[in-house]
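Labels run A, B, C and D following the written order; every chain starts at residue 1.
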């Protein structure tokens, strides 16, 4: 077993420098690496290019790194729910690249699986296709156009899992999985924070979502808030 | 004329037994309320759920269990969870039978615009471009005219496109229309109390009216 | 819940016709759909193009379908351990297309994920590259050549899982997983046989390897032999 | 001169703490026996294992748990199981630090041939082409000469290739050699009791001998 454990967020984020590209796992506020975001604020790392499906809300998630103006560029599919984001974007302080959600996921997968490019039909005939190779392929009896999209290259991937073991193996809970597994596999250096860190051997090898080979540093996170963005309920009758 | 729930109720009739369905935000979400209880249908949420259930009972919300609209939800028996790569993989591979989503504009050749208004804050396309580019069956739920009274069924979309030649059917407060493969909105049904003339007036794109147009059966 | 259960192998394999392409899950004799293979022999289906990493052994696995001469073509990465295979191949009765194991896996993944083609460096500069598009890409600071490989198109995928539920969700056990999940996702019609079929709701949604949306027919298999190809052991001391 | 175990023992010295290693069939498999007990190394088996352990005790074989050579194996604490797409994904993405495999021929520019002999039954390349095309560090374990007495270290491979310009190091019964980026086999070490002259005689490709060549320290 190769031990991947580091003490805490501080140790985990050592070596993160200004002007690097960082992937952040999570969908909305679900499954985001809360401890690492807090640590990045402490470190004051500037000029971050953040690959993340969303940009958090004003006072939580990546929104916190927007408030401190540590993010130079966001590569996301959907960035609503954030006034400070809107202000920085409209003023030109923040660069924003909007890409389809499936393209975002698949560009992570491409990096994870060593595929330099992938083809997707998402965005054909729209402004997303500008400057990209368009190519016709026949597949399952249908011929149509696809865009060539490149694998992401990220200096770091920071993900949040439910359980992890000392070998770096990760298990995600429910929809907190989302982008986390692909980003974990796609980072040049991958940092995982987990709610429960257990000794190697305690996780069923068949249940592991992300093998430890992809996870360079793992630590037990603390004080998870796990804020709910839209609390929707029904009444008991 | 239909209200939002009426549109959802009419669209629910397009959902057939054994279908996997992806519902967009807004009116499409309401469609789930009108799927007959005995029908076997599974909802896909593109953040990684198959077999999505209703909202949780108060006090049972789980921050780790949300839908693509970031709302707390539940899982039904037989559900599964997967990552975003698999989610959009199954969308691209056309495993999802029916996609229902909203739109700002639809053109008579089936183009759809629903993500960006130039000059306004752009929030992003989320999974919409993936869905419209791949889904084999796309139904749009929307108002027939916008707040300024202009038709949203156009010869050509003015707004930046989300996808091209993809919309198969449109349900509005006034009508059900099919987008023909050769182009044009074919009027299929009128909403209760709505005349063909009203629909003609509200439709800027090529409208095809053939024979008697029945009123919707809701 | 959409019920995917069929009674048995006979019902599951209805509609399989002569001269179709069928994916078979498994690696060696590990995780192979034993019941379905037996049923194909009963049905006498001819002219099968089999996509399978291996070809079984003489008297087990796909080797049984070779003995009955039901297989016209094998698309595999490794086909040793089978005399009848060798005889048919050398006599020209059997067509064989050998492709790299990772290419086989990734062409399944491509079909599963709606990607008409993928690029892999496997086979560049070898006879595997003949007739294929070769293209240079830079990825992670290294520029090299890749081959374009097409997504498989298979009429049926037949896989074997450990547990499955009535909604068609599958869980694999240990290395019997191998090609099964990707093939399950790649078939136009996917048939899964399982050692244990349980009611929907009994499997943890986080543990499911293959969601039921990909599995069109599922049945409880019987009399699994699960033969070991190379029994290697060590002595207790 | 080394026997098979000697070659494996020498190669084991190339394995460093913290490495993920893929071992091919034959001599490479034996390398696992010589990795020092205290060293943190994880073995990858391309059918879908990380953290592969030794053969099971008699009576504990599990038909569902085999390695890429189809042998029954065990799992060590911290191991994980994955499907073949992920397995070759991690190989292509160069997450596996070291690949050790056998060969029929290696050329002085690092080409390798190890899967096909024209005229003989061809069993297939298995995962070898994927491994050699992607791995950042490839060590070949093989005999220096074939059964006919001909050198297997050639100016150019005669047999159909498995991969090009990929082999970094070769360990044979006679020597350890590095394949230089500009081409050529650089002699690094002699096997015990083997002279440089014997190695020169057994090497058909360009051999670079610089300075004193030390005997292996096993």
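What we mean here is this: a residue touches a chain if its C-beta (ideal position, glycine included) is under 8 Å from a C-beta of that chain, and two chains touch if they have at least 3 such contacts.
As the structure is a computational prediction, the values presented were derived from the model and not from experiment.
Both subunit B and subunit C are touched by A.
Each chain gets a centre from the mean of its Cα atoms; the one farthest from the centre of subunit C is B.
Contact tally for A-D versus A-B: the pair with more C-beta pairs in contact is A-B. Inter-chain spacing, taken between the CA centroids of subunit B and subunit D, is 56 Å. Annotation: 36 Å between the Cα-based centres of subunit A and subunit D. Distance between subunit A and subunit C, defined via averaged C-alpha coordinates, is recorded as 32 Å. Between the CA-based centres of subunit A and subunit B the separation comes to 28 Å, rounded to the whole angstrom. Residue positions 75, 81-82, 85, 88-89, 91-92, 94, 134 of subunit B each touch two or more of the other chains. Residue positions of subunit A touching 2 or more other chains, listed in rising order: 106, 109, 111, 113-115, 120, 140, 172-174, 177, 205-206.
If the chains shown are joined wherever they touch, the resulting network has some other arrangement, not a path, ring, star or complete graph.
Chain pairs that touch one another, listed by label: A-B, A-C, A-D, B-C, C-D. Subunit A makes touch with subunit D in their complex at residues 1-3, 111-115, 165-167, 169, 185, 199-201, 205-206, 208, 211-214. Per the touch definition, subunit B reaches subunit C in the complex via residues 18, 20, 40-42, 44, 50-51, 75-82, 85-86, 88-96, 134. The touching residues of subunit C, when paired with subunit A in their complex, are 106, 109, 111, 113-120, 137-140, 146, 151, 153, 171-174, 177, 188, 205-207. Contact residues of subunit B toward subunit A in the complex are 45-49, 54-67, 69-73, 75, 81-85, 87-89, 91-92, 94, 111, 121-130, 133-134, 160-165.
The residues of subunit C lying in touch with subunit D in their complex are 27-31, 53, 76-80, 86, 89-90, 98-106, 108-109, 120-128, 140, 162, 172-182, 209, 226-236.
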